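Which chain is which? They are A, B, C, D, E, F, G and H, in the order written, and residues in each are numbered from 1.
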Amino acid sequence: MTDLLTKLLSDIRDGNVDVEEGLQCLRDLPFMDLGHTKFDLHRSLRTGFPEVVYGEGKTPEQIGEIFDKMGKHTNILATRVSPEKAEYVQSVCAEAKYNTLGRTLSLVKKPISYNKGEVAIITAGTSDISVAEEALETCEMFGSHAKIISDVGVAGIHRLLDRLSAIRQARILIVIAGMEGALASVIGGLVSQPIIAVPTSVGYGASFSGLSALLGMLTSCASGVTVVNIDNGFGAACAACKINNIL
Amino acid sequence: MTDLLTKLLSDIRDGNVDVEEGLQCLRDLPFMDLGHTKFDLHRSLRTGFPEVVYGEGKTPEQIGEIFDKMGKHTNILATRVSPEKAEYVQSVCAEAKYNTLGRTLSLVKKPISYNKGEVAIITAGTSDISVAEEALETCEMFGSHAKIISDVGVAGIHRLLDRLSAIRQARILIVIAGMEGALASVIGGLVSQPIIAVPTSVGYGASFSGLSALLGMLTSCASGVTVVNIDNGFGAACAACKINNIL
Amino acid sequence: MTDLLTKLLSDIRDGNVDVEEGLQCLRDLPFMDLGHTKFDLHRSLRTGFPEVVYGEGKTPEQIGEIFDKMGKHTNILATRVSPEKAEYVQSVCAEAKYNTLGRTLSLVKKPISYNKGEVAIITAGTSDISVAEEALETCEMFGSHAKIISDVGVAGIHRLLDRLSAIRQARILIVIAGMEGALASVIGGLVSQPIIAVPTSVGYGASFSGLSALLGMLTSCASGVTVVNIDNGFGAACAACKINNIL
Amino acid sequence: MTDLLTKLLSDIRDGNVDVEEGLQCLRDLPFMDLGHTKFDLHRSLRTGFPEVVYGEGKTPEQIGEIFDKMGKHTNILATRVSPEKAEYVQSVCAEAKYNTLGRTLSLVKKPISYNKGEVAIITAGTSDISVAEEALETCEMFGSHAKIISDVGVAGIHRLLDRLSAIRQARILIVIAGMEGALASVIGGLVSQPIIAVPTSVGYGASFSGLSALLGMLTSCASGVTVVNIDNGFGAACAACKINNIL
Amino acid sequence: MTDLLTKLLSDIRDGNVDVEEGLQCLRDLPFMDLGHTKFDLHRSLRTGFPEVVYGEGKTPEQIGEIFDKMGKHTNILATRVSPEKAEYVQSVCAEAKYNTLGRTLSLVKKPISYNKGEVAIITAGTSDISVAEEALETCEMFGSHAKIISDVGVAGIHRLLDRLSAIRQARILIVIAGMEGALASVIGGLVSQPIIAVPTSVGYGASFSGLSALLGMLTSCASGVTVVNIDNGFGAACAACKINNIL
Amino acid sequence: MTDLLTKLLSDIRDGNVDVEEGLQCLRDLPFMDLGHTKFDLHRSLRTGFPEVVYGEGKTPEQIGEIFDKMGKHTNILATRVSPEKAEYVQSVCAEAKYNTLGRTLSLVKKPISYNKGEVAIITAGTSDISVAEEALETCEMFGSHAKIISDVGVAGIHRLLDRLSAIRQARILIVIAGMEGALASVIGGLVSQPIIAVPTSVGYGASFSGLSALLGMLTSCASGVTVVNIDNGFGAACAACKINNIL
Amino acid sequence: MTDLLTKLLSDIRDGNVDVEEGLQCLRDLPFMDLGHTKFDLHRSLRTGFPEVVYGEGKTPEQIGEIFDKMGKHTNILATRVSPEKAEYVQSVCAEAKYNTLGRTLSLVKKPISYNKGEVAIITAGTSDISVAEEALETCEMFGSHAKIISDVGVAGIHRLLDRLSAIRQARILIVIAGMEGALASVIGGLVSQPIIAVPTSVGYGASFSGLSALLGMLTSCASGVTVVNIDNGFGAACAACKINNIL
Amino acid sequence: MTDLLTKLLSDIRDGNVDVEEGLQCLRDLPFMDLGHTKFDLHRSLRTGFPEVVYGEGKTPEQIGEIFDKMGKHTNILATRVSPEKAEYVQSVCAEAKYNTLGRTLSLVKKPISYNKGEVAIITAGTSDISVAEEALETCEMFGSHAKIISDVGVAGIHRLLDRLSAIRQARILIVIAGMEGALASVIGGLVSQPIIAVPTSVGYGASFSGLSALLGMLTSCASGVTVVNIDNGFGAACAACKINNIL
């Protein structure tokens, strides 16, 4: 964008574009081009961050077209993509990689530049793995290396304590748990890193599709735990990468 | 009751009471007297268990009258008694003892016979102590020795691990926690005793007056945790004593 | 574990391991191995208790592999297994037995040692039978004999009263009911054993998938009733067996 | 109305009113005047039924004025009247009688004609008595004799069974219970009369101010139980009296 | 029962049974045998009322067996029977009649004796017809003639007013409405008969599967409206028939 | 109606109909015919407004019959029509046009007269387009021209600001958003037109099928935003057209 | 804005501002300074609309200061002002007028210019009058004449029908009702004006502080009813005045 | 801890402690003493972080004692302290400073070392200021400088845009809003810093004590927004400071 603006202003200075034209040009450019590069319209172009596509409710064809057209210039991450949709997209964009567990499609056309800090993605049970994989793919596409530490639920506290040093090596933690969501509280009492908690819809009955874990995480007795929407591995990874980006 | 029935039947056998009269007598006896001592109408008389009075919504005078009249024959436990009510009751029944934190009034006229096993009442935070004291008083009145292990919330897991041997010595555990209620899950993974979890209304916002802890305990990832109503220290103690009574 | 520690300390005493090495050794041992046999990592191996597999969300292949591999050494109980999954598992592990109503798979490789007390599993209606069967299988696998007393809902109180003596013979009661869940209250007023109540999702409309029964059981006017999650026959049986184990 | 219409049409026929005027006339007549005296505007004047005043949110002066003015011609029942308001009203209308427990004020100026059938108002606990008294006063003012049978909650089923014959003598039953509201189901299974269930806000925690009892009664396993709003003793009595009126 | 007791007491008097034996005998008699034949065990056999089968969650074979076996002696009504199940049942019990809209199966082997009063079943919209038909079939099987007055929702108040005289002819009203459930309030203000309101799950979004209509009916500004569970046409009809039965 | 009444009254005046007959006639006419043309029974006939059919829960045949029969005289709009149903209806009424995204069927037999003002239908995301299309079709059928301005969600506020002048040209705004529904608040602060907000069920987890957006819109910090039911594009358009009609 | 941009571009063309500077300039301009006076910062000054103060949670002194300072230049409306606060404000700003029922304070310094159309504010019961008065004051301050038509709840439909012509004379309707909120549906079926429905928190038990009325109004069977927050008379009036303003 | 272990192992090697004793010793050592100084028992002593006291539910005397005793060695922050309690605490600990709006008491005995980055605390309305002040005090006590940017709610988007550069200068953002909580979404779309959203209980009716804002923030359309409990300014500040601490 800065380049575009620089060129336009230079053209005006040089008389290649007259004021009236320049005015029109500024108007016709997408609004954000009026100087609001700060609005990060084309974040992916400037930052190497991918375009993100929410696959739910989109047809295979729609997702395929996005990968086909935009995937020439930029990295793309699509979340909540069913295997059937993924298969179609890969038929039109062979480079797109599908994470079956995380249900993500990712396409890397421009090298991703990684931050130093690592994100640890910690899950309470094996059933939370789908959300963890979505978070993992998102972190990697957004420039943060990530690792999954799974199945350390609080009902077997020793398994968690056993992995503490691996957890402590990470810069930021994403804690994923269903049912009562207690894992966030326990880890919050053991480490000092920022913790982003993700309630999952794993469970039945009084787990009310994740409500129980959500409330549990929001009322965590460990100070400073923050929470994202139920099953929102993508959002947690976004938050983690934003934190990892600050300097 | 058995005595009453034995006497009645003997009277019939001996002709002191004729069949018609006996029939009427069996009918007129309070229903429970027909042989349903198993219905435990006068449990406290037979078992040494106290009469229990739920103080909420009763006037000081009403509670006072119960202590005054029934307290000559039996032990009495009153729960949810405000200090003002307690003061009045003690003015008419000087022997009644008031537990300020637990808001219970207890009167012991007949010696309580205690079971062997001890009940450990474990609380997550200092704010849960009121519920714990209610449970303690109830246990003691129902024939189970109990001890409180407080402030071992999961956000400082070490404090909990530090008290594990004391916890393991007990026969039955009552775990009391507000907020996310995670303590029940963590203890459930560490010990093998029966655990009765009590959610408390401690907290604000998304704790929704104990709903969050309640849901968390119901969906605990630790198998075999059972739950009672929010703030129901009395009910948890009842359940613990019933367990302690079985042989 | 005790053996391991004994050997290590003996080696240090005997000079086979020096202090520095010993220190490292204690550190390097898996955390749990530092003396935390009390954490019951391999409970099933030591106690004869089965490994438990939650079948929901696992593929037939995953369950099959668990039965195939672990089933050589230990007993296994799998819950919430659909008929299709069960069929596959039985194709790789012929000894696994499927309870169609309870949707459980069980494999007994080591003889189960049973406690004396019996668990009575009482249901309000015929529709609660699936939860009851899950509880029954769990009890049997966890070392408690159990029996089902079905269809004694409170709308026909006589049927319940008719079964009272059978109910009173049991040591611990599991009461399973949907709709308003009143059965737990009524039984709680009739007997003195510990009662674990299981709300079920049977019903429609204002039963809100078991919420109505759950709330009803939590607010039961019968003191000392404890509650587990909706449809959680497994959890109720766990709690019952923990109670049956104490002494 | 028919008269009015007859006259209008006759006037048109006779030329006293022309078509245009008649058209206007039909349009201009207040809608209700077109024949809707059947809409029971002044029910109390015609039927001996009282005017009913909902005291909540009205000032003592407002209630006093109603009693003062309307109380010359008709019977009045005011519900949800606090003692302070009642005192004021009685100062301006000495004949008004206050039911302290039921918080009702009633004024009988015209003799009430009673139906034959009796309404039995059955409560689970002593705390439900306020709602029961409101129902009782309402029944009496609406022309149905009523009696209260209290403290027969399901946790002591024998007390209920003991009162069965008294219950069976009534024509219609109002069953009042808080907590889990199971009493309606149990009675519904024992008798064949119409049952109107009133959930009460008695309880705490998971009783959620009566929600638990409300849901329990709505999902009652006893067929044919109908339900009114929480604590709505007045509404239940209205329904009972409507039933008692039919013939 | 009285006979049983008389004989027992006589035997004691006569020395045929000694006191100890008599005591045991009173204890051992099944509770119900103490005189509770009044508990209406086999209501349908004695009253001509049908056995009722709740079809949801039962297999076609189970329902078929009930019709096949019991249908020789008594009338049967099955509710919530899908067309597939109905087809099977009719294949084993050709006399069973299926109401496609109401999803009921009914079998009449013994003549039904009808009460005088008619039940009017009033629906707000055409989508509520399924619940109305269930209520209709139930009324007819329980001995009350019934008629459906449909599509008189409050958004077209004139359609309702148009049917008022038909509504007023009935003895008891069942009012069925989804969405906001306002129909019960409006009718409650227009007529004096008992009204049983049935909220339906018709609607979307904020109707929350009938919750909106349920709450609306419970808080109806028309006094004396009673409510049953969402979509519970059967329950409303039961209540109506109980009312119609009283005399 | 006026014609009918005029004729009737004239007939009475002229002696063609006598008073008794006239009286009967007024009685027999559908109630609304008594002068309540204002009740808008046949609004579509008089106003050119379409008959509206709610397609959910109706069979293809039912919808087809309505289009076939009524579609000869009046315009028809059917909402919530699945593609399968639409296909059938079009087979019997070829002129009916189907909007695939909005799931509406519309038939225009009489020319629609349009109001001057335009309705702008603004959506937060592409997933809200289905609701927007339903609103669009409804506006057009009810006599208001409408345009959709899509994908201007608040997370990219610039896109919204860019479209402000287009938004300001409209007379009435319909704002459609899922998730947190913030778009209504932001637009409400930017423009002065009436705003009707439509929460959508787009989202997952804590969006609770549109509840989150619904609550957000109801508590909007922008004064004067009004709200309709979740996904109710039709209702919003009705409200907009009612506003557009006044003058 | 165009002027500002034109000048900037001309300066660049003319060399008065170089490209780098121009670039910075476009970046540094405060966004709002780019021409967004259209964002209606000082609406009240320009339009004669009052400043609005939400009195809840503000101290008497804070409200007093606003009236004192701003009240010299503009009209002010304060809502949710308790009598105590009002008394203080009037002590510092004698011209402020207090509506005791509506709990509003209003100060008119500049003449209000009124629109032609009238707003009818219709209430179901006398308890809704407070919300109605708030709406009335707001309408008058925002330039719409308004009238209250009270106590026309649906349980006495005739009272409503009686007032229909008065209702039809208004241009826009605000319908205020608690409990089941049915009034909006009934009026929606009778008239063609825009209707803004306000649920009120009047009621108890299952009215859940207005939730019942809110849901009822959102799911109204009358098309085109829009809804504002519970008790939000102010918001409804804002919406009505926005509608009344369009031309 | 390492010292302790070293000494124990040396003692064993040297024969001062035999193997059996050593084994017992390892078992008996409080778990935490086994090397878990990393568990941050006395975080405040080591890090300069304050002890935190949750003032709700504590007596003035309890808080006073904490300040009196611990305040000699460490910094203390107390939250949710009423003015009355604060007054008492200041009477025993004159150095404690009270923030009236934020209801916090803080005592600084050891100099706080500050991180470079600044936290911007942004509020939607003036009513959210109490939560903002709590967050501010917490940030300052935890070593992060903070500033409040208030009253930039989305209904006046220009005010927000006006403050964008001030917002962009901060390293981490805390966004505080009640009602619909839309501010987090809008800011999330404008800036790239980590955002912690705090819903507040400001509002009435459908804001349901903050639930509306909570759900809105959890479902924010801006990716990467994380959320804490309602009114939890303290928790948000904790999270922000944890982020600010990483490097």
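Everything that follows uses one rule, which is that a residue touches a chain if its C-beta (ideal position, glycine included) is under 8 Å from a C-beta of that chain, and two chains touch if they have at least 3 such contacts.
By chain, UniProt protein names: A, B, C, D, E, F, G, H = PurE domain-containing protein.
Note that the coordinates shown come from a computational prediction; the quantities given were computed from them, not determined experimentally.
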Intersection of the contact lists for chain E and chain G: D, F
Far-end chain from chain F, centres as C-alpha averages: B
Identified repeat of the B-D interface (over half of residue pairs identical), from B-H, B-C or E-G: B-H
Chain G and chain H: spacing of chain centres that average the CA atoms, whole Å: 38
Between chain D and chain A, distance of the C-alpha-averaged centres to the nearest whole Å: 59
Multi-chain contact residues (two or more partners), chain C: 39, 156-157, 164, 189-190, 205-207, 214, 218-219, 223, 229
All pairs of touching chains, each written as two labels joined by a dash: A-B, A-C, A-F, A-G, A-H, B-C, B-D, B-E, B-H, C-D, C-E, C-H, D-E, D-F, D-G, E-F, E-G, F-G, F-H, G-H
Complex interface listing, chain G residues touching chain A: 2, 5-6, 9-10, 12-13, 15, 18-19, 22-23, 26-27, 29, 31, 34
Interfacial residue positions of chain D with respect to chain G in the complex: 30-32, 36, 39, 41, 54, 56-57, 199, 201, 209-210, 214, 229-232
Residues of chain F touching chain H in the complex: 124-125, 153-157, 179-182, 185-186, 188-190, 203, 205-208, 211-213, 215-223
Contact footprint of chain G on chain F as seen in their complex: 38-40, 52, 117, 164, 171-172, 189-190, 192-196, 214, 218-219, 223-229, 234-236, 238-239, 241-243, 245-246
Interface residues, chain F side, partner chain A - complex: 127, 156-159, 161-162, 202, 204-207
